[in-house]
């Protein structure tokens, strides 16, 4: 669940300024992991290599190996497309739906707007994890059901955000003027309102990706998400538990990866926020 | 924290000693970390480790057996027994009392067995060949079986004895509601309380007919710790005295630390076995199954068990009384033969799904090994990890081709019950729906045969049928390895159990 | 006012009802069979069928639904197949554990969050502010389950300062249950050792929750405080010579409270849902662990109960916030949407 931080112009972007390049580097790395894992990962993430079982980090295996002798670093690299990929998909789908919904609601106004927002309230109150459990129970486990349940949880945030913005922008002088001139509501929405809304939404999307990633990995950790041997990060952490005392690297590195990704998304989101006008 | 506990423990003992010199209590507490919370502590329904932990220690059974030689039965609540065709006669121990003071006698045996067979759950399958139970006199019981079976006494070593009074007076439903969370047994430990979500507390029954070691534990706390890593770390850090199912790597590492030692033993028949679905393509093809059996990387399993396992040759382990294992051919990876078998099957580009019960890293690993072994044949294996009942239902309803499960046999000498559950029609664990009429007959006949050599031959025939059908991939047979702190002594592995603790054998070493 | 309350109450009930319906439907449209679990392993097919009938699991879905809803109306949450007790009885036992954990976590979270935010807001853009902002940013990304395990590793395993899991020291006897809140019950029983024992066991799970919430919360609180600092009235007060602390607590807090409370409400709602993760890692016998273990064996009444409790909690807190806002911030006149 995310709440974007409002930053008045007075706030200097100092710490963010220092970290932003780092975050962008992380972003670049992640993009590489997602798009061309085969080029980056030094070893096969799935093939068993028992003689290398549970080896600590070394030059050959920077993140060590797991119980099947597989290189943890390679698994993390290949896992990016599952963990991060699903997170991004969730955020984009919910944003898309939420934005449309919120925009329509805001433009419609009156009773319809009220009703639509009540429905949003309903979704807001629904406990995320329980919904995930219930959907996993009926649809079966897997990244698909995780994506579905998390999307259902995420879209209300965007709906509310956009509706709020639309309501605010509707009252602006230039919009009122356009209305007075007889411009259709739809065109107003498209040309005068959406561009401003998009900026807000972008900030939120960026930070939300980090939150969504954590949520996806949490559900995999509970056993609701990906299945072996998919190197999804949350699943890696779950698989690492029986060996933790003997192989700390198996738990630490995937977790650090999640943390780094989420923090980077947070920093970039913050940077976007401080850049937007008023 | 540990130091503080020890000091307060000693203080308590001294205080008790000063206040009541007659008390023979040690004041020692034992904390056991079990892998789950019981759903019921009714001995007629208990069948998972953590339920048996409670029932085995709170109740007694008619017969016991020597852990190091399971074919040697020992007296418990029964002192003598003999078989005469379909009739078994048991003479009972005199002077045994339940925890609430009631006397134990033959009426309790009859009431317990009648109830167990009526309810039909738990370990009732071990004694479902009982036809009727008759009370001859307060210390003599006669049991009639449907067909003669040499194994009845041995199987009764797993059936806990309840009080007929409890059964009668706690509700019309055979007191099922009451026994779910109450316990009144004759056993070495008495049920004290059950804090849901946390633990069950037991206290020592110093009026028990059996013998406690020196410095036994007066108080036992059975904690529910679902995660293996937590159990391991708790034992290592001293929070738990002993734990069930400690992951192997952790167990080996912890036992090599100072203050700990390793307890090893045999009890697992396969850990795990992979059951192939005989009714669903492509595993319904015998050659295909053969290909999988031959392609499986048994070495990978051995390596993951770090020298503590062997590759099975059949369903019955070599240490089991009357086992045919030594005469079975060795099973090993043979990729060439596997490819030949695959070619013979006429199946190509096969896809199959495997359902794996969650919570056991070894099961998941075995499925992963199957996946990579099958990949060498061009066969794609998809793995789905599910809670146990869901996993087994998935294969039984033909939504998956294989099921992974660890095996143990709860009977010290009877292999037929194991075969019935796993390889006969309708057996609960016969998840792949194997059926062979010859096997059905063999298993029905075996218990009626009185000559041990003849039984061994029949058992070999039975094992051969299962092996040759390629129904099962026996991935590994590991020893059970438990780290025991040096301050605790007496823990032994029970060869007819899934890893449990006989609290009445444990003692403090400090 | 009354009208408003009534409307919110009705709405809250509607939400609860929808949650119940949705969760019920989802949980029944399931391929596997609770009767199999209940009958236990080794039971014959006949036994399983008998048990299925006994528990009404063979009835058609609509019939089950109607009887469940009717039960809900009576306050009967059904029976847990796994524990073989009524869900209400189970809840009475498991819920206090979760509430105690959440409550203690929240108290610490509010205090620390406010303290850090005030510290940061003092001089926005300064060194302290920078460090705090960095920490909150990093903290946002830490997965709560990973954090829990790491804390266990460091504080129990390596340092032996804190216990591994559970609510109460294992070898000691817990105080008699009065409220279900161990801290309260310890004090009621007059046992300081029990009190401190419970506190010790609360430390790691609560720390996990607090750290996780701090990241987001501190940022929001800081932003709110900074915004307030900008206001004319603060500069006036400073000009008048009032001490910064006085300004902070007497004036700014009241005004900043509103957005802080909004954020806290959302955090609480978020936490009720995700507390399962913390409970699973620390074997904390709360409603999250209860529902999760039941879910694993297709025992869905507890899962529905968890859904209802979380939603109810969320609704109640929202309602409370709506009532408190006008009191705190008189500028907020009417509340609604």
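Should a chain be cited, it is by its letter among A, B and C, assigned in written order, with residues numbered from 1 in that chain.
Definition applied: a residue touches a chain if its C-beta (ideal position, glycine included) is under 8 Å from a C-beta of that chain, and two chains touch if they have at least 3 such contacts.
Model, not experiment: these values are computed from the prediction.
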* Asked: So which chains are sitting against subunit B and subunit C at once?
  -> A
* Asked: In terms of C-beta pairs in contact, which two chains are most connected?
  -> A-C
* Chain occupying the middle, per Cα centroid -> C
* Asked: Using mean CA coordinates as chain centres, what's the subunit B-subunit C distance in Å?
  -> 39
* In whole angstrom, what separates the CA-based centres of subunit A and subunit C? -> 22
* Distance between chain centroids, defined by C-alpha means - subunit A, subunit B (Å) -> 45
* **Multi-partner residues of subunit B (each touching 2 or more other chains)** => 227, 229, 233, 236, 358
* Indicate the residues of subunit C shared as contacts by at least two other chains. => 31, 149, 157, 280, 298
* Structure fact -> Check: subunit A positions touching at least 2 other chains come out as 241, 244-245
* Structure fact -> So, in the complex, the side of subunit B touching subunit C is made of residues 1, 5, 29, 31, 37, 39-40, 45, 47-48, 119-125, 177, 180-181, 195-199, 221, 223-227, 229-230, 233-234, 236-237, 239-240, 358, 387-390, 393-394, 397, 399, 421, 426, 428-429
* Write out the stretch or stretches of subunit A touching subunit B in their complex. => 46-48, 50-51, 53-54, 67-68, 141, 223, 227-229, 239, 241-247
* Touching residues on subunit A, where the partner in the complex is subunit C -> 1-3, 5-8, 10-12, 14-16, 19, 114, 117-118, 121-122, 124-131, 133-135, 137-138, 140, 210-211, 214, 217-218, 221-222, 234, 237, 241, 244-245, 248, 251-252, 255, 258-267, 270
* List of subunit C residues in touch with subunit A within their complex -> 11, 14-15, 18-19, 22-23, 26-27, 29-31, 124-125, 129-131, 133-134, 137-138, 140-146, 149-150, 153, 157, 216, 219-220, 223, 226-227, 230, 263, 266, 269-270, 272-274, 276-277, 280, 291-292, 295, 298, 300, 303, 306-307, 310-311, 314-315, 318, 337
* Provide the residue numbers of subunit B that touch subunit A in the complex, in ascending order. => 227-229, 232-233, 236, 247, 249-250, 253-254, 297, 299-300, 303-304, 356, 358, 361, 364-365, 367-369, 371-372, 382-386
